[in-house]
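Across the two complexes that follow, chain A remains constant while its partner is chain B and subsequently chain C.
Coming up: the complex of A and B.
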């Protein structure tokens, strides 16, 4: 098949850009930034060839190859790649969003002392993520997974001179590493049972298990493996209780946040669950856990977004909330809906973050309470941000509306009534906080200190506009366009293709909820109640709780300080005092002391020795008498 | 010189070049440091080239002992030959020693006190290490094992550093004394077991009337196959090797010499010590204990794997609350050698192969760690993490290299440590699932202490105005570190050449364990 001949090049181009820019960037024009952009742009072009090829061949076609890596004992460890519709849509998302963000960064990062390093790591990041979505092998997936984590560590901590950035980077890496323990154990468990790291082999066994046929997996191992993989996904996709690293991750440059939130890092977890869907489907228990964790995450994060005042923090909690929605969708068998939402959210969230970056660049503000009226000085940013907010809020015809509706449908069809009720609450909250952020930041009167604010330059505005177009119209991909492409549901699906379904009652209902949320936000904004003061009286403890992020951070900090470090200190003390000073030095000292005390008897005086001899002789005689004669 | 001529003397040269260089250095004038250093560097470069050649020429498809040669030494009454040869397990170790030795000599350029004595001792230390890896005779293995341990004492006691922790002090003399006594105590156990082995073999041979017992490793292995060592004998004497050699591998609870010794030692000695010397312990367990006493080994493996797991977790947790850079690295060595012990004890091709790869990988990684810490200490004169801070601003490349070592130790894919750990975990997983999980948890704790250290000591604002004037490593220092970094990356991305050789060695070792 022709597609594979090109697809592997997509990550390789960006991988190749990394060392060239990192080492030789100093000597290149633009510190090598153009190489990064060229590599990802070429990747984006290749994506179109691959995608069109695949659409022509029909959705059933799957292309893969395997390459030997090395051998250990009699086991050959290989890495393999797969091209299926899931891979293709992810390739499109990653290459496009990364390209937009890199163009944007040309302006945004201008003059930074590590401009070249920024683009080098950006390339590495994109390459790792592209490898992750191409992997048909748990080993390669884990490799890419960890490299994605490394790159986000490097980029979150890009301004490492700031204590907060260094800490945020560490927190992100450590939190996801802890979740990765489960992922690695899950992968090892599957290897032990199936005898191969190949996903195709593993999923064949899972499907055999589903069908009730002969399988190397049992339902117990399938459930255990699925849950372990999901814990790994929870770390990367910032699901409660692993979500704490994501809000702090905004310590990195804003375009980095856009990349992490939209196209790399956090979507890796959702992608993993989608990729391993055959395994999850073989385990109803695991899927129920996925759905429940997703639901809790989406609600908890939405309330935190509602009370946050930092624009980037609002967006960060919103990402957590929407990732929860995607997990919920997967947990409700909404495979297509989840990935559809992943794409729609990706474009919208990249747009919003870049918009926030534009505000920081033009007005130098991060707290929405310090903004207000920016619409007047930053018209492009304001308009595009509004489109992003409407899309994410789920307003009809914008991208987020379509995917959200698909999710609601899955939840309604496949899960308990409580799930759909609470999901609708999350939908309401999602529209509410987006509306609040937009109204407070962009409408109203311009503040005095923001008079000097200005619209961002072309390189920053262009990506905003392109992403806004997508956020506005991407949803129409759900519909039939050509005879080859009859809607995303018949291209990207699990099990069987399905057209775009629209449940009128649900669609009208959810739209009503969205409109009501926007209206409520508007009303509250006009009456000035958005400062929350009246609410605070009524719901004070609840708001306090949300403002403090439900004390997850406090709990973890307490655990680390009071439990982990104290325990570690105890072990270190134990090692020094008990094992070393008592266990090692103790015998050594007793030898020394006894030799010291023995030395005192070696006086060199003859009469001392004579006494010793007499005592000894008498002693021997007595002993002889007692032991031999006395018997 | 034909190929066969070269093959027959190559291993001898790995001992003779360092030992000869050490001897010749005696005749160098004491007060001129540069010729001494240049000569040492020349010897190290020659040795490195030689070890690369040897490794490349080892034919893994054929396997077994290669580069064989033998010189009669003491025919009667003991029957000892000075016989040489390497197999798939020792070949990577020889290469490792060549690399670390070369790096160690270059990093010692600023040893300005008693330079001549330093390099003489260093050369003999390395000659001893090579000796252990290339001999096929138990007597000489022990001889070189001791030769490698002894120069450590003066090297640490004279050129080392004393650490003051406020509430207690770790003097360099203390570190040197403890290390030497501890390792000698381990040697005593080994020596007892060797003699027991020799006597038992002699009785067996005499009973059958087939000549005389020898110290030849292959000869003893053949006798072991014929049943010269009863199962009871093996069960009693395997622990002598396991603990005796294990001391040098940092086996818990006999590990405390290792952090204190590493910290007290000068940079190059720490590199050789943690990088190569600790591997002698693991190598001894494999080469002597497991090869000659397979039944005993099989019985004791659950204990070894358990202790290895303790090593992994205990070392990692201890490292978490260390304040001195070198102590962090020292305890991380305890933790990582635990992975080696776990892997060895699996008696599984992947686990044991992973352990050998981990020996190589950890050797390079920890040499890099100590080299970089040395570069930093050279400039800051402190290794206290709480005093350092923001060094990345002035020492960017040095910090990147430290980070690579740290990422290797936490098992980041793309670097050699990941592959070794993965193989070990697969091996352990087969039979000891909970221990494998604990091992993975140990890797996560490693991530915590490595990342905490990076954030605290290297990132964040510059904590002390003195650090504003620091300079990055010079080309020589950075060159050594870059070489080690490159090896970590190459092995991490392309482990095939190394694994082919290791597979050959491990397959032969495990063939002795029909039950496994």
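Coming up: the complex of A and C.
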């Protein structure tokens, strides 16, 4: 029996950990935190067995394991999992990053009053995400999708005593829910057309449509469904204009941000588009929308990251920007590149967030202008953060470089020249804000108040080092190693395997841009050779615009205050006056009043009743006479 | 020659008088007496009809005997009620007795 069939254990172990820790945690040593780590570690070990099995079986292996759940009429609902290369790499990312973050949290969350609950929800979060990547039908995917949203709500609002945390959790939940409605409609539309929630059925129809054969889908419904699914993905993956929740989501504990930004939640949207790629490929219009939204997101978020001063906020905008890059890549048929970047970004971003958490833990600062020179007191954090920043900035040999280059390649090959030009701008900005964050926070003179800052304990440093190693060397899987493995494209591909591809001009060009960005940041923020003052004055309106997040929040607040609340006020009035007073109380009152007047005929005097009897009897007699005798 | 119609006229007149008494009188005892009058009008009608239509059958006569029996029981009961009313309220004026309402 193939080991693959046991893949369902990976999420189930973490699911099982949730109630045990949540209910019995306080009786266990360490409040049950070891159970969560054990569950996810077992999942990580199991992942290797499944992955090796998958690679051994190759493309001919079984992809789907479906169990019937129940039948309703002619509809059969089922549980099941797909184990294809996409699932494998996602399983690896989620289990590894979640494991690292949980180990890190042991130190970071020490002494918190809800320590056990934190680990319980953490397990639940990871389990939901693992279910999401394994799901082989849209219904199960949607269930897991919502569970991910719920867990992120619980974790962002983990310190719910703080009003801002509660607000951020609510904002994240509501924003993603709005997008989820579109996802649900898209799933139901596909169900209506295809008659099944199964992904394999749906994608078979989509591929038949693309091949020009007979298909249950038309190009119109395929486009509509793809766009609806993409709106759902936009919510989860924080694409403009749904990106507003992600920067606020850092109100949660920093390891939670790392988990949300790297391995769960936000990558779910990218994953969904990748998973439903046959559907998207059947609709060129939808793919163009994906690419455009991705491009806009990556540019908008990169400029906001450039002006942010809060370390975690810079990282949050950077996540939004890179998610946009992944969407852009998917929209440019760069399936492999998008997932590759998802992995590279996942490792780097987890590393950076954990590094930021380490800074907050050691120096108790979040504003980069208050940091400076932390390299001297926190060497491990500074070194690992540097690796993460270089990787995310796209410096050669680090992971982010390779994946970014694959994205540039697919954009260059498949999209208009405007796309590649703007993508290169985004690459420049991406390197610039990472360099700025690092130079300002870690280099320079150590501030007096930060003298007492200290390096983080072992449990926090260890995940940092492991993630840094990955962020440094992970990119090399893009290269050709053996005749079987000719780059990541030979394992993880959509249409046909492709080996390592490298466009020298593009590679050199993007490297030059990256180096220029780092050099510019060095000159501006480190040596001060380049004064920013005239620049700031010249672009003052633009900078203000970016600092205010392009007024998205203001626009939404205005919409809610002026339109939504006014409209709901009217609805409340309508309900109170028309529905309740007139519709419900009205008939009741009229019955009450009429019975009060009607009872006056009941006098209680016996001769009145007798008269009634007489009148009745005479009436009956007359009627009888008229109807029976008179005929 | 006395015919059935004569009996019916007398019976009807008697019934009408009784009915007037029931509706118009305010004394409970007089109302009861008027009820007796109505019952006797019915009895008269029954007996006359029985004798004139088919003398060989006794159906009407038997019903009349039933009516007399029931009337006796009814008067016994009703007078007891009136007596109780008078004991408790010191009046048998039906205008002042409004017990049979909501």
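What we mean here is this: the second predicted complex is superposed on the first by the 558 of 631 C-alpha atoms of A that agree within 3 Å, B and C clash if a C-alpha of one lies under 4 Å from a C-alpha of the other, contacts with A are read in each partner's own complex, and residues count from 1 in each chain.
Rule of thumb we're sticking to: a residue touches a chain if its C-beta (ideal position, glycine included) is under 8 Å from a C-beta of that chain, and two chains touch if they have at least 3 such contacts.
Please read all numbers here as calculations on a predicted model, not as lab measurements.
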On the superposed three-chain arrangement, identify whether chain B or chain C touches more chain A residues.
B
Is A:162 touching anything from chain B or chain C once the two structures are fitted on A? First, second, both or neither.
first
Based on the superposed arrangement, let me know which partner A:8 touches: chain B (first), chain C (second), both, or neither?
neither
Touch check for A:599: first (chain B), second (chain C), both, or neither?
second
Answer with first, second, both or neither: which of chain B and chain C does A:230 touch in the superposed model?
neither
Between chain B (first) and chain C (second), which, if any, makes contact with A:174: first, second, both or neither?
first
Please indicate which partner A:607 is in contact with in the superposed arrangement: first for chain B, second for chain C, both, or neither.
second
Regarding the shared-chain residue A:118, is it in contact with chain B (first), chain C (second), both, or neither?
neither
Contact-wise, after the overlay, does A:439 reach chain B, chain C, both or neither (first, second, both, neither)?
neither
Chain A residues within the chain C interface of the complex
599, 602-607, 609-611, 614
Would you tell me which residues of chain C are touching chain A in their complex?
19, 22-26, 31, 94-95, 97-102
For the complex, which residues does chain A have touching chain B?
69-75, 139, 142-144, 146-147, 150, 153, 157, 160-163, 165-167, 169-170, 173-174, 177-178, 180-181, 184-185, 188-189, 191-192, 564-565, 567-569, 571-572, 575-576, 579-580, 583-584, 588
Given the complex with chain A, which residues does chain B contribute to the contact?
168, 178, 181-182, 253, 256-257, 260, 314, 317-318, 320-322, 348-350, 353-354, 390, 392-393, 407, 410, 412-414, 418-419, 422-423, 425-426, 429-430, 436-437, 440-441, 443-444, 447-448, 451-452, 454-455, 458-462, 494-496, 499-500, 503, 506-507
